[in-house]
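Multiple structures follow.
Each of the next two complexes has subunit A plus one other chain: subunit B in the first, subunit C in the second.
== the complex of A and B ==
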């Protein structure tokens, strides 16, 4: 007969059941995996944005930060600065629209070519993607010298074909064209790459049916390829528009916003206020206003393009 | 068994000896204090650092050079200074931004050798409590360079009109592509607008040539850029670019690099730039005009009778955030540089940078005709203008000025007056923000 022992068997406290952990083991593991990225995001994105937002309401010159609260003073300055309203913002939106539209059209064209089977396609694909591997500042320095009026290759070609050499960077629209050219050259491969991926993921059946029906290439493109590619295009346009809005490096290197502010974009304006005029607060206010504008613009672009996709369905 | 114990003991002892040696070496290395210098990579700055290095090696100090690009130097170092950290123990200090850093730099009045320095170029570097915040490195002076193989010294233009006529003559003779080239875009204003402005007895604010910020503020920073003397300046450049065509039309977009490239390629007869570029002009690896360069006083505008000049300095500053013992070492090192006359003579020979000490000047002048020429072109000229204003908003004023005059040049000639009238309040506003 077994000896009786004094063992207390734990009884579940039905009135106060133990709380289940907020995150299961799987969730905790997933959180651990994303923790480094979240930490980087907080320290290198969120904290600087909050610091900038805080600075925009204070007397915060870079050389003598008093940090006193000044309310909306810097926002009022920026929003009543004729240069910001009538030059910088129109320039920025013009740059964004032209650069994104041209890169999209050219990228789509390249994607359609690369979607065909032909000898040397791999090599051509590599060559087309080369601009993506060049740092924007390097590309901009290269282009600035290509368009140098004395030593640049472009004027050499102009003179060779009997045209007068041009002072490309001395006038507003020629300087703007050079900037746009650089940006389009850099970003067209990005569009081409994403749109090519989109093209290659399209189902084959509708195209086979169209071929059987004898549809022309244009009609296939217009009524099949384009509608089916719209969702990829929307994502590309929205991402690239946001990016184009805050372009800095190319413009700074090619024209620094000149001549006489005529190619100045929003990011150049914020930089000049913050780091050349040493008014960090005013630069931050300009950056905050720019951020608000791009959020609104991105929402409008997304809504309009989304409707376009829905309609096409 | 005994043998193996002995062998093990030997290994342990030799290991301990190695650790001890490493610790001793490490202690020696730690005893060597490090001084970090933030500077712009430039032959003159490197030559000045070479002098400091001599002192550092003799005094068991490790001198670490931290080069930075000119374009971000002021912004980067300002952020470092205001954060109060000890990233640098010595930094390059420039007259353009002398007024921005006065709160953040250690007084340097007690550095040895400062008594051998002229007082005029130090105006930019006084703190609010009347202490100096700089130790000079070299003079940086606007210098009018001409091609001595094309023009005899007595043919060098003395007026703007002669600059145009001589430039056009050389262009017509096919000797050069351009009469004059110089930087004109923002932050290169000295090499076109400003030398002609001062040479036309004109300035940016009223009272003309006043540099006391308190007096300028009392006058409401009244801009002088719409004055007739200044309108003449802009009209001169408009004509130079578009009517007389002695300068390339794209010059409005040139920095000093583009202008120097044209001059060094032998394509221009005249330029005006800091004398610190003389070294580049005389470097056969970079220049086609080695040995063909002369220096002369600035040509004078219609509103002036005698040439003017500007001479400022590049210097070194000691951040307040640097630890006390390092500040002391930095002062000793900079003092040694100031007293190193041989080193300063060598710096001139290697780079063309006029050294800070007046005592070194006497030696150089006695042996070097080029220095004599530079002295005549710049240092002997009176009156002298300061090439910047000394208040914190100066960079914003410079930008507002540059935008206005470039806008005037890219428009119609008859609109120049109107553009300057519109720009004058913007220049004043930039000073008062």
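== the complex of A and C ==
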């Protein structure tokens, strides 16, 4: 039997690990790293949001701000407004789903095309990125102009091929389609850019193996490209869904929520309540409700998509 | 033997189904046609904008008819002092906002990527929730807040909110960049006696440069084209290009010709940035 040595080897006491200091050098470093960002967020995001939240509980109309506390009155008003429940919210969700799905599919298609080598590829890529370079407000003005019922080019083309011209922006669903079209046009390049970057970072070997095995293009796409792109796609979908939910400027420029408030998204509803009905408090309450919905919704989307990615691995 | 197998591998793939029905070269033709159609669809609104901008004022309502073209709109636009100011302001704001946003978020993204524990968790949840809050619910109060602080209609009053907007998204993306960089080099630097800041500035940041370049280009383009903040947070003292453009087309007067020529002028810097920058964007966003 070997002699036990007297040297005590320092063994980590697993039952009582040394407590990390609550505010040690490491923590100070962490806080210093985020300090400028935190300062900017507090002053220019959190303070305004709290101001708005505070306003939503008060009697704060723009022409006569009494600032008296009214509790949940504005929230109850918005949540029992049939226009908000049956038009604005369904519109917003529908807009988010269609816009994100369509620009994802189109962006993926474009990314696949741009990932190949062919003459004129660079030119095509620059043209596809054009919507990222034009100010969205200008693009929206231009699209409204193109769909103008008297002078718009779209109706000119319709007449030329023998179809009846449409009053595009005077009907609910055609106006909504124009808005969706504009949004998809604006955001497809964004998806294409991120997915193209994703495609180019994929490893080459699986594709070479598939080529040797004689896999068809569709099978390569379905069983190699798509699964490997999933994590990039999840990030894109989550970020873009949040943004699509709170879309304001292009809807405001193209239809301003009309005709008869039928194409309103919730940020348009909040804006109209705040500045046209001159009731800042009610607008803030609507914005808060929208924010709560999207926080929960984004969490669900993120969870579901993440699980989908995990399962597929 | 090896030669034989390599010739076997380089055989053209067997064409099946739809592609086999086309004449030889038909697939290529179809592809080229599709590419041209896509390019046309994406370029059309911009093309239309350009066409409108070179029509005389009387011709803008019937852009598709008539053959009079003129550069007069551009001359008229560049004689306006306001446009010069707006160009300069937009350029300065975009550039400064890009530098500040990146400077603030690179450290924040690094922190999110390299550390675990309650502080990063709290920070991540905070920026995630703030990212979800619609612009509308804080741009409106922001108007009152910047007035109260006396920075309404100044560079700071527009710059700092822009930086605040970018913090959430950029921190998230920066975290992704740093996640893709092996931290062992930083540990080596720390062991060799580098301070934490030294490891960050000398080792981690250079490795994240391609990603930061990509974000810088996207950030610049975004700020250059941003409208809502510029509309609400600035006034006559600090004209911003997008607002000036939108003001050409309002209820009182539809100056389509001036709006479109300004928009085309505003497109030029963005086009230059994109043409030279797209390569870096695609390279930098590879996570």
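Assume the second predicted complex is superposed on the first by the 274 of 313 C-alpha atoms of A that agree within 3 Å, B and C clash if a C-alpha of one lies under 4 Å from a C-alpha of the other, contacts with A are read in each partner's own complex, and residues count from 1 in each chain.
Quick note on the criterion: contacts are C-beta pairs under 8 Å (C-beta built on N, C-alpha and C of every residue); 3 or more make two chains touch, one makes a residue touch a chain.
Quick caveat, the model's predicted, so the values are computed rather than measured.
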item	value
Simultaneous placement of subunit C and subunit B on subunit A, clash or fit	fit
First, second, both or neither for A:181, with subunit B first and subunit C second	neither
Contacts of A:232 with subunit B and subunit C, given as first, second, both or neither	second
First, second, both or neither for A:168, with subunit B first and subunit C second	first
Partner chain(s) touched by A:70 [first = subunit B, second = subunit C, both, neither]	neither
Subunit B versus subunit C as contact partner of A:261, first or second or both or neither	first
Subunit B versus subunit C as contact partner of A:34, first or second or both or neither	second
First, second, both or neither for A:55, with subunit B first and subunit C second	second
Residue contacts with subunit A in the superposition, subunit B compared against subunit C	C
Touching partner for A:151 - first (subunit B), second (subunit C), both, neither	both
Closest Cα approach, subunit C to subunit B, once both complexes are overlaid on chain A (Å)	5
Doubly contacted subunit A residues - partners subunit C and subunit B	151
Touch list for subunit A against partner subunit B, complex	61-65, 148-151, 167-172, 175, 255-256, 258-262, 272, 275-279
Of subunit B, residues touching subunit A in the complex	75, 78-79, 81-82, 100-101, 103-104, 177, 185-186, 248-253, 258, 261-262, 265, 267, 392-393, 395-396, 399, 402-404, 406-407, 410, 430, 433
Subunit A-facing residues of subunit C, complex	9, 13-14, 16, 31, 34-35, 38-39, 42-43, 45-46, 48-49, 52, 61-64, 103-105, 107-108, 110-111, 115, 117, 119-120, 123, 126-142, 144-145, 160-161, 163-165, 167, 169, 171-172, 176, 196-197, 200, 214, 221, 224-228, 241-242, 245-246, 249, 256, 259-260, 263, 266-267, 270-271, 273-275, 278, 281-287
Subunit C contact footprint on subunit A (complex, rising order)	20, 26-27, 29-34, 36-38, 40-41, 43-49, 51-52, 55, 110, 113, 118, 120, 123-139, 141-143, 145-146, 151, 153, 156, 185, 189, 193-194, 196-198, 200-201, 211-212, 214, 216, 232, 235, 239, 242, 245-246, 248-249, 253, 266-267, 270-271, 274, 280, 283-284, 287-288, 290-291, 294-295, 298
